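Next up: some structures, all given as structure tokens.
The following pair of complexes shares a single chain, subunit A, combined with subunit B in the former and subunit C in the latter.
Our next item is the complex of A and B:
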């Protein structure tokens, strides 16, 4: 469908999702740049962001309690906030375009193909009636694969990329474990060669050992493929372990933002301090207070 | 890896079907019964002992004979062989039922999934139209349509279908609305899947199950509704060997000549049971979660 064919000049990717570059040094253009974003349900404004950016090849952690607007921000980036009844204003720059000004058709091309999203409950993210392979093949055909064979090959390669056996493609979602399903979801982003991954609480529904594997995987994607990641979590321990920078949200606003170590070691805002204090002090939380 | 050991090999669609058949004897019975009905209809001229009785012939001297070797199901008030007419009826009643349900589904399902998925204004408009249709008693509405369209089997089918679809729209809409809120639908949107494809691949297959059961339960109801229209002179007309028509015409003889009503009635029952079992089994085949994977 619309997915094949040359991309319009405005959306020229800065680099192909395939080349294996490490994290990019500061100073390059941010992958996603949000200005004056306002998300409201009717008269009630739930998110008010003056500025937030995800650097190229950066993992930005978006932390905060439930209801603080983290997920709505991610949905707004994909242009999906209106589907849950919200009105969105402001600008979200991505590859030189304002995502909020795109037509529905242009947005569909960005979704999945350029920006992928991973959700909280991994198994519920899959339509139960289709096999994993079906999901991959159809998504890839929608987003640029020339034929089933190529789609299949890319799917298998992506599964290997997340350390899963390619024969998983023949399974139904309910036959996957939570950790496997989340890997599959990430593999889909990989197969689609998305440049940006929006991860909305991707580890919250998983047990701790599986959590660690997923975090490792997300880091590897960034290190090996240069993917930029917006990692949303209410769990500061998880964010601390993974992210380069952290933005802490509360009641729709960012109360503190900075390099992960700084924010965790010397939180300036009292809310952040409360969050840091709430983290159980076992393991690698930046040296401890 | 460890995963490989724990999980069964993927099963093909055909293999799954045979597995389902083996594991689900009721589905096998349903399929067999349906096949018998279809064959009875197809080969009625060969199977029927008195083929002429199906339509024009009457035998004034042999009326209301009880079942015997010559007339295994007896004869009716015009002396026609009931077995013959029941066999020929397999060409009419199940066909009406299937056509009515197909049309009702063809109208009801698309409206239901669109209303449920999009919600809002689309939902309101579609469901109010549906409510208007539901507000009329179904039989009255069918009567009105049938009266306008002139009595014939084709028009009866159309008239019943016109009163049938709103129920399906309601049913599907409720399911679709709940499926529309599931995370995989959101995930599909986040993947840039167009609305039409979300409707067809995500909403439809996940909201259709209750409808399949309902449709299979409705087979007998449609046959009886068609017979009610026939009884009122607006459906199949007399020489036509319609089961419903035979039942309604035999009613007045029921206390003295039980065979007039019993055999066509049993044929309706058999058809209903066959489609019920088929519908049940179909649900199992369509839903991968219901098939145990050893």
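Our next item is the complex of A and C:
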């Protein structure tokens, strides 16, 4: 993670937070609203966000390179940043509460239930000794299911919701393909009826074909269930495919933010232009070398 | 077994530098590579090998390095079969054909400084004495966009992109004839990927490199490869000039692969073809065309008859019963189908 230098004169945060075009009408409460967030390791501040919000039913893309602070931001939302030694200041509002002021017990209820997560390496983020079914049953019992039977039924329904066969519940994490594992992680969010999905590079380790499936699935979650999504990726093309609005992050700060089409069609910040240029395109030169 | 897959050779003038004929690699009952033929002409030349995880492309790359044994077929370097090579001759082959893996973290020894890693091949192959090796290492590092002082660093002190540059410098150190690049940018950020691809393009010209570039992303091979082969479940399903293959794909699988590439250009955004299911179990490949269970345009013939890899145009070969219809654009609507978004 690189240190944050003095403010780049060219990087003006563009804060038109109301300008999102999700399916939900303007004026509704954002699902997540961040104010004056500062994440630091000792004296070194790695993230400095004046304002960032994920609208209700919106897919917000957070784009930037490794080390830009995107994943630290996600960890802070989940209350996990202190576990890696970071100091977090500011406010993160979610359902009327400040996540940074919650007790560990309250936070546990939010994390993984109200706010679900999907990481880059899903197989590594599942406990390897539990079958997929146990994973669901344990989570659901912890978060409101009355008994194993009900938990099991909800798990099966959720798997069908992500187009997986219920017999996958009998498998161990290592027996899943990368794409299946990501679907399972998303199914868990469905089963827990999470309101927000935090997806941190969920397709970066996948083949492009499988990536296309997962992007389609995330979009369907939003369209059909109204889930709000914070989608983190270094790949602007992936963000472009999926997101309503894009925030571009560099060295801990948002350098550009706006509706996806505007940011991609006419990037205002030099860094956004560099990210756009880096995307390999089919048909760019229309021939071999 | 490999009916129809035999030797459709690339339409390249002159004899190939590296040739693969009907190669089979078996792991127990699984034929990970099942009768694959490829021809790589002398450099500068890039051959792309594209397919999903499990298609056998990495196994093929490893077989080329003789890291896994072939169960059938042959690999030839300048016409000489390599399967029988032993001892000193095998060492010569390994010097001539170098590989860069996807993840430099697992191929660089964390205890060996960068200079040692890049110079190792020079010593092993007795190319340079100690002093000369040190000079060459510096030159190689500079060539891949690093600096002399990086030689004293350890792998963990470098970024992922820098480590991949080290892996490329190490492969180049022994002046190989052929470079095998196995997903060299898949573990990297797109910005870093763009710089590594640029480096490969530069080295290709300065070293007259011939390389096999393995990737799951068609956009990556487009910029670096004259020709591309598409692999599915152990077999080549389409081969041709990269530009033709991308502008008018003839195999439904190539069509799907192409459509899966995420695009930033709003005008270029197309409907996605999302293939149903995952590649089938290679231990029990489907009868007929191996792609038929996921193919949006499969007909009865596809379920029973293996389509041979046959020439559909100059230099283009396709293993699909309906290739002519796909090429003619007659199946466009069906290919996009109901699963498209």
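Note that in this section the second predicted complex is superposed on the first by the 259 of 289 C-alpha atoms of A that agree within 3 Å, B and C clash if a C-alpha of one lies under 4 Å from a C-alpha of the other, contacts with A are read in each partner's own complex, and residues count from 1 in each chain.
Note that contacts are C-beta pairs under 8 Å (C-beta built on N, C-alpha and C of every residue); 3 or more make two chains touch, one makes a residue touch a chain.
Everything numeric here is computed off the predicted structure, so don't read it as measured data.
Putting subunit B and subunit C onto subunit A via the overlay, clash or fit?
fit
Report for A:127: first if it touches subunit B alone, second if subunit C alone, otherwise both or neither.
first
With the two complexes superposed on chain A, say which partner A:278 touches: subunit B (first), subunit C (second), both, or neither.
second
Now for A:257: first (subunit B), second (subunit C), both, or neither, which partner does it touch?
A:257: touches no partner chain.
For A:167, is the partner it touches subunit B (first), subunit C (second), both, or none of the two (neither)?
In the superposition, A:167 touches subunit B alone.
Looking at A:216 after the superposition, I want to know if it touches subunit B, subunit C, both of them or none. Which is it: first, second, both, neither?
A:216 contacts subunit C only, not subunit B.
Name the contact category of A:111: first (subunit B only), second (subunit C only), both, or neither.
Touch status of A:111: first partner only.
Counting only touches as set out at the top, which of subunit B and subunit C does A:180 meet: first, second, both, neither?
both
What's the minimum Cα gap, in whole angstrom, linking subunit B and subunit C in the superposed view?
In the combined three-chain model, subunit B comes within 5 Å of subunit C at the C-alpha level.
Which parts of subunit A are in contact with subunit B and also with subunit C?
Residues 177, 180, which sit in both footprints.
Can you list the subunit A residues touching subunit B in their complex?
Residue positions touching the partner: 1, 78, 80, 83, 107-113, 116-117, 119-121, 124-131, 138-139, 142-143, 163-165, 167-168, 170-172, 174-175, 177, 180, 185, 188, 192.
Can you list the residues on subunit C that touch subunit A in the complex?
46, 52-53, 159-160, 189-194, 197, 201, 204, 216-220, 222-227, 241-243, 246-247, 256-266, 268-269, 272, 274-275, 278, 341
Considering the complex alone, what residue numbers of subunit B touch subunit A?
For subunit B paired with subunit A, touching residues are 1, 3-4, 7-10, 182-184, 186-194, 201-202, 205-206, 286-289, 293.
Quick check: in the complex, which residue numbers of subunit A touch subunit C?
65-66, 177-180, 207-213, 215-216, 219, 234-238, 240-241, 261, 264-265, 274-289
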